[in-house]
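Below are structures written as structure tokens.
Presented sequentially are two complexes of subunit A, the first with subunit B as partner and the second with subunit C.
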Partner chain A sequence: MLMVIVSGLAIGALFAATALSYNVMYSTSKVLSVTTGHIAMLGGVFGAYAISALGQPWWLGLIAAILVGGLFGWLTDLIAIRRVLARSDEHLWLLSTLAMATMVQQAVGLWWGTEPKPFPRLIPQDFSAGIGDQKFWLPIALAGLMAIGLEFFYRRTMYGKLFLAMSEDAFAARARGVSTDRIRVASYVIAGALGGLAGFAAGQLTFAYFALGLTLTLNGFIALAVGGLGSNLGALIGGLTLGLLNTFASYLFGGEYQQTIAVGLLMVVLLVKPEGLLGAQQVRPV
Partner chain B sequence: MFRPSKLLSGMLAGLALACASGLASAQNTIKVGWLSSLTGPLSSAAIAENQGVQLAVDEINAAGGIGGRKIELLTRDTSGDPTKAVNLAQQLAFSEKVHFIIGPVNSGEGLATTPIIARAGVPNLIIGALDELIDPVKYPRAFRVINTNKQWILTGNDYALKVLKKSKVAVIGDTTGYGTSSAKTAQELLEAAGVKPVYTVLLDPNKTDLSDELGKARAAGADVVMPWSAATGLLGRLLNARGDMGWNVPVVGHPAVMAPQIRKLLNKPEYWDQTYASGYASTTYGADGKLPAATQMLVDKVRPKLAAGGEIDILFWWVAMGYDTVKIIEHAVKGANGTDPAAIQKVLENTGEFRGVYATYNWSATQRNGFPDSNMAVNVANSFKDGTFKLAPR
Partner chain C sequence: MNSRNRLLWIVTLALVAISLPFWSSDQYQVHLAALICCYWVLIAGLNLVVGYSGQLSIGHVGLLSIGAYAFAILSGKWGLPAFASVALAGALCGLCGLLLGLPSLRLPGFYFAMATMAFALIVGEFALAQGSLTGGGVGLPVPAFPAPFDTPVGFYYLTVIGAALASVLTWNVARQMYGRGLIAIRDNPVTAQAVGVPVFRAKLTTFVFSGIAAGVGGALFGSLQSYITPDTFHFELSLFFFVCIIIGGRGSIVGPFLGVAVLTALPELVAPLAKLGNFFYGLLLLLVVLVVPEGIGRVFELIAQRLRPRSGVSVPVAPDLPRLAKAIASIQALK
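Then we have the complex of A and B:
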């Protein structure tokens, strides 16, 4: 039973890390990019490529995952967000980010292959470590650090305060001289780097697999919606809850109920508390 | 005197003659449509099958064709997408008016294309293992070249129960359509053999850790684990969980459990020990390391192309099956003395003991599954050599 809890927390931490990446991008653009899960996929694939195929040390693999994630975040803004937001208030970003996510998945599938490939061991440790295995604790530790780091960034740094200002009211921020375009680009690069880092930390759990992105995009979104859009603590709680529900559903009832229960959780939260557990209630000005 | 008009008319006449002879030769070819998923998921199977198909076509054409008619191969890449497969099947059957269609590669695509090809009346060589792809009444011109899914499962069950003498079976499937139906079939066949599985579970193919499920199987008293899933990630995790928990239990299951990709996913190479899978007699080598003569001959033929003279690193049964599909077409055209679909159907319906490389095929008026049980075998998973496997100890 302890193994069910730990493996649930580990996959939940990856969902939470994806939800945190969503939050960073959402804070400056009000966009929920479909590419969010694919950033983590890229982190895992490029981390494995750098270490296993190129024979680089793990820390260079980590840097590669962060750089590729950051670059993809920047490209997401450049190709799928900037022009769409400039020309339309409609939710066309849903289509543009979906197109970009599909393209990157296909490209990775063609280059990397469609079968999952192994992710190297990062810390020397025997495989019989059970619940103490690094594949569980690396993503859990990273999700906690990401949530704390982002809170620190938002509350204690000037750039973080600019993010918050944009999140509250982008027009007012721009009126006060904030370069909102530059802040949005920075948010996509940071979200990309964090997503790449999350994919790297969870690589041993997920393998380096081209089709991982869509699963993370969906589950990260559910975690975010359950926890509350914009809340980092909510993302963490939502992700961990979802991960635990997934593994317990599979353990108790079988894998065929896993997704039903995850999406069922989303429905229940949306019906009972549409703003999520810790989300701010939306007030419509009249 | 030089007369340009005469020269021009001469050239035109020559051109017309060349066109006419080209047209006649195109009309005279045997058009074979090949629905292959050369890109996308399962492309590795299709690429290997394509090598076999292409080799057989080249050999037959180099020998002058079939009854003087060359084979014109029309390869179409479905990318493993059923929608694309349907469009391409229609194009091959109705626009290109092919005489045969091989494929598609994946059973999911086959479910969508088989009724269309049947409606067009084109003989269709089925290379998907799903039982529903075959129906002598609804699809009278669809003949299966590969084994059925049931044959894989029966072979695995037989080995676990009769050779390993195990009776407490844990059946593991995945939540895909294929995994779910295979696990159900496995359970039914075990029960028909008088064994009720002690543990049955369906798992998400992307589930990240299987320790808890294997822990439950162990607690239920399982003495053999039988996975019926084609998801290599799930199978790799299953073997890792078994190894990490130090559970000394044999695994007998789907051929994917011995796929070369699995080796890379294992925490330790020895986690592949005591693992067996359903395979084929034609691509099985014995204790002396020797393959059947026909298989060895084909291995030697394709080695320069597939492995540049080195070790072949893809599953060889795909190549052998692709090769056989074209040889079956040759047999049918020769027997029918042409490409009339009704005559082709009759020849294939009356085909018994047709010796290919992959198998010896038998079809009848009521039986469209041509792969005999006697051509099935159980292999040792970690014995991959030149695309073939070692016979499991009996």
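Then we have the complex of A and C:
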């Protein structure tokens, strides 16, 4: 039973980290990028590639995962977001990020192979460690650190305050002399680096698998929608709830109905409280 | 396009479709054409949802899968007549569309896309989990249609009939007030509501219609494949339908048809593209979204505009000097 709770918290922490990464991008651009889950997938795959295939030490793998994630975040902004935001059609960013996500998933599938490959151990530890296993504690610790770090960044640093200003009102921020384009690029790079880090930390749980991205995009989004769009604490709560629900459902009914239960949770929350648990009430422009 | 031109196009297309089995070099081309027609039955319905009312549904493969499985189970396992099974598969998918649309069509763009994507994944999960009904991962044989349609060529004609029916139905919706209402919903839902378009009901009706089309398309598709597993209905197929419509251009019927025909045939004819597969579709989608968001059809329109001689007669503007001089003189006389 304890095992079920811990593994649920661990997978939930990965969902929460993905949701945080969504949030960082959403705060500056009001875009929910389909590529968010794929960033974490890239972190896992490139971490495993650097450590297993190239035989590098774990910290080089970590750096590789963060760099690749950040680079992909930057590319997402450059290719799929920048030009599209200049037009006013709200659907276009969904299409362009969907295209990016498909391309990167297929490219990784062609290069890395379509089988899940094992992710190397980061800290020497026996496989019989049970609930003390690093594959559970690394993602949980990382999601907590990410949330605290982001909160610190938003509240205490000048750049973080610029992010907040942009998320409140991008036009007003621009009028006050904030270079909104540069802040947006920075947010995508940060979100990419965080996503890559999350994928790296959870690699032993999910394996280095090319199709992980789509699942994470969906589950991270559900965590975000349940917790409330734009709220970091909500993302944590939503992610952990979803993870626990997933593993308990597998434990009680078998593993076949994970998506069904996740979407069921989303629907219930959207029906009862459409803005999510901690989200701000959205005002519809008329 | 005037009506005579359009009639010419339709007759040409019908002649090509009917005569295809006689001049095509091998059976595989007929199979490919039948596949295009099966896809088109679904895409014609999806086009009303994506292209006209602007709801980005990326999960229609779930409905296709339900249609195919329903046909296989009803007709193969329970021994119902084939055409009754098709009708039942369509009805079942319409019901599923209703159940999916009721909550999810109220959601804004990205939420709706994610809900439909989740629906596709859920259907895949159920197909795997309900082994006693769907055969699980092993799959299920799908029976062929009865006598005149049991050969490849006969079946091809059946799919052509289905595709033609779907085209006529969607064209009837699109060209009338209802279709204009859908376009209004796509472009600005608030304004559409203000001028009296029943936004939610129109979206829901179109979505249910697209579900029925997907069910019928799925039955034909399953019968064409003759054996289906959950892997037949992978999520990328859904993306493929979606890309066909976006590339063809939203708010048009010819565009998505050309899209599905070209995108189905191209990887088969050009071998390197088949290896890249979905990467190629992603790249195409990205290019279209970034360069011509209105769809490839827009490119042809622009080229046609360039080539066409300017219709307006240029009117040179020259001052009427004597009159001007007179006016000035009269002003000076007043002084």
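Heads up, the rule we're going with is that the second predicted complex is superposed on the first by the 281 of 286 C-alpha atoms of A that agree within 3 Å, B and C clash if a C-alpha of one lies under 4 Å from a C-alpha of the other, contacts with A are read in each partner's own complex, and residues count from 1 in each chain.
Simple rule for what comes next: a residue touches a chain if its C-beta (ideal position, glycine included) is under 8 Å from a C-beta of that chain, and two chains touch if they have at least 3 such contacts.
Everything numeric in this text was worked out from a predicted model, so none of it was measured.
Student: Put subunit B and subunit C onto subunit A via the superposition and say whether they clash or fit.
Tutor: After superposition on subunit A, which the two structures share, subunit B runs into subunit C.
Student: One more residue to check, A:Leu212. First (subunit B), second (subunit C), both or neither?
Tutor: first
Student: Contact-wise, after the overlay, does A:Phe221 reach subunit B, subunit C, both or neither (first, second, both, neither)?
Tutor: Second partner only, subunit C.
Student: First (subunit B), second (subunit C), both or neither: which does A:Leu110 touch?
Tutor: A:Leu110 contacts both subunit B and subunit C.
Student: Could you let me know whether more residues of subunit A are touched by subunit B or by subunit C?
Tutor: Counting contacted residues of subunit A, the larger count belongs to C.
Student: Considering only the touch criterion stated at the top, classify A:Thr241 as touching first (subunit B), second (subunit C), both, or neither.
Tutor: The answer is neither, since A:Thr241 touches no partner chain.
Student: Should A:Thr76 be classified as contacting the first partner (subunit B), the second (subunit C), both, or neither?
Tutor: neither
Student: Output check: A:Thr35 vs subunit B and subunit C. Expected answer is one of first, second, both, neither. What do you get?
Tutor: A:Thr35 sits against neither subunit B nor subunit C.
Student: First (subunit B), second (subunit C), both or neither: which does A:Leu270 touch?
Tutor: It touches subunit C, and subunit B stays clear.
Student: Contact-wise, after the overlay, does A:Gln259 reach subunit B, subunit C, both or neither (first, second, both, neither)?
Tutor: A:Gln259 sits against subunit B and subunit C alike.
Student: If you stack the two complexes on chain A, which partner ends up touching A:Ser250: first (subunit B), second (subunit C), both, or neither?
Tutor: So A:Ser250 only meets subunit B here.
Student: I'd like to check the shared interface: which positions of subunit A are touched by both subunit B and subunit C across the two complexes?
Tutor: After superposing on chain A, subunit A residues 110, 254, 256, 258-259 contact both subunit B and subunit C.
Student: Given the complex with subunit C, which residues does subunit A contribute to the contact?
Tutor: Checking each residue of subunit A against subunit C gives 32, 79-80, 83-84, 87, 89-92, 94-96, 98-103, 105-107, 110, 214, 218, 221-222, 225, 254, 256-260, 262-263, 266-267, 270-271, 284-286.
Student: Report the residues of subunit B in contact with subunit A in the complex, numbered from low to high.
Tutor: 39-44, 174-175, 180, 201-204, 206-209, 211-213, 215-216, 232-233, 236, 240, 243-246, 261, 264-265, 267-268
Student: Mind listing the subunit C positions that touch subunit A in their complex?
Tutor: 54, 56, 58, 103, 107, 109-111, 113-115, 117-119, 121-122, 125-126, 128-129, 190, 235-236, 239, 246, 275-279, 281-283, 285-286, 289-290, 293
Student: For the complex, which residues does subunit A have touching subunit B?
Tutor: Residues 3-4, 7, 10-11, 109-110, 114-118, 127-128, 130, 133, 135-136, 205-207, 209, 212, 215, 247, 250-251, 254-256, 258-259 of subunit A touch subunit B in their complex.
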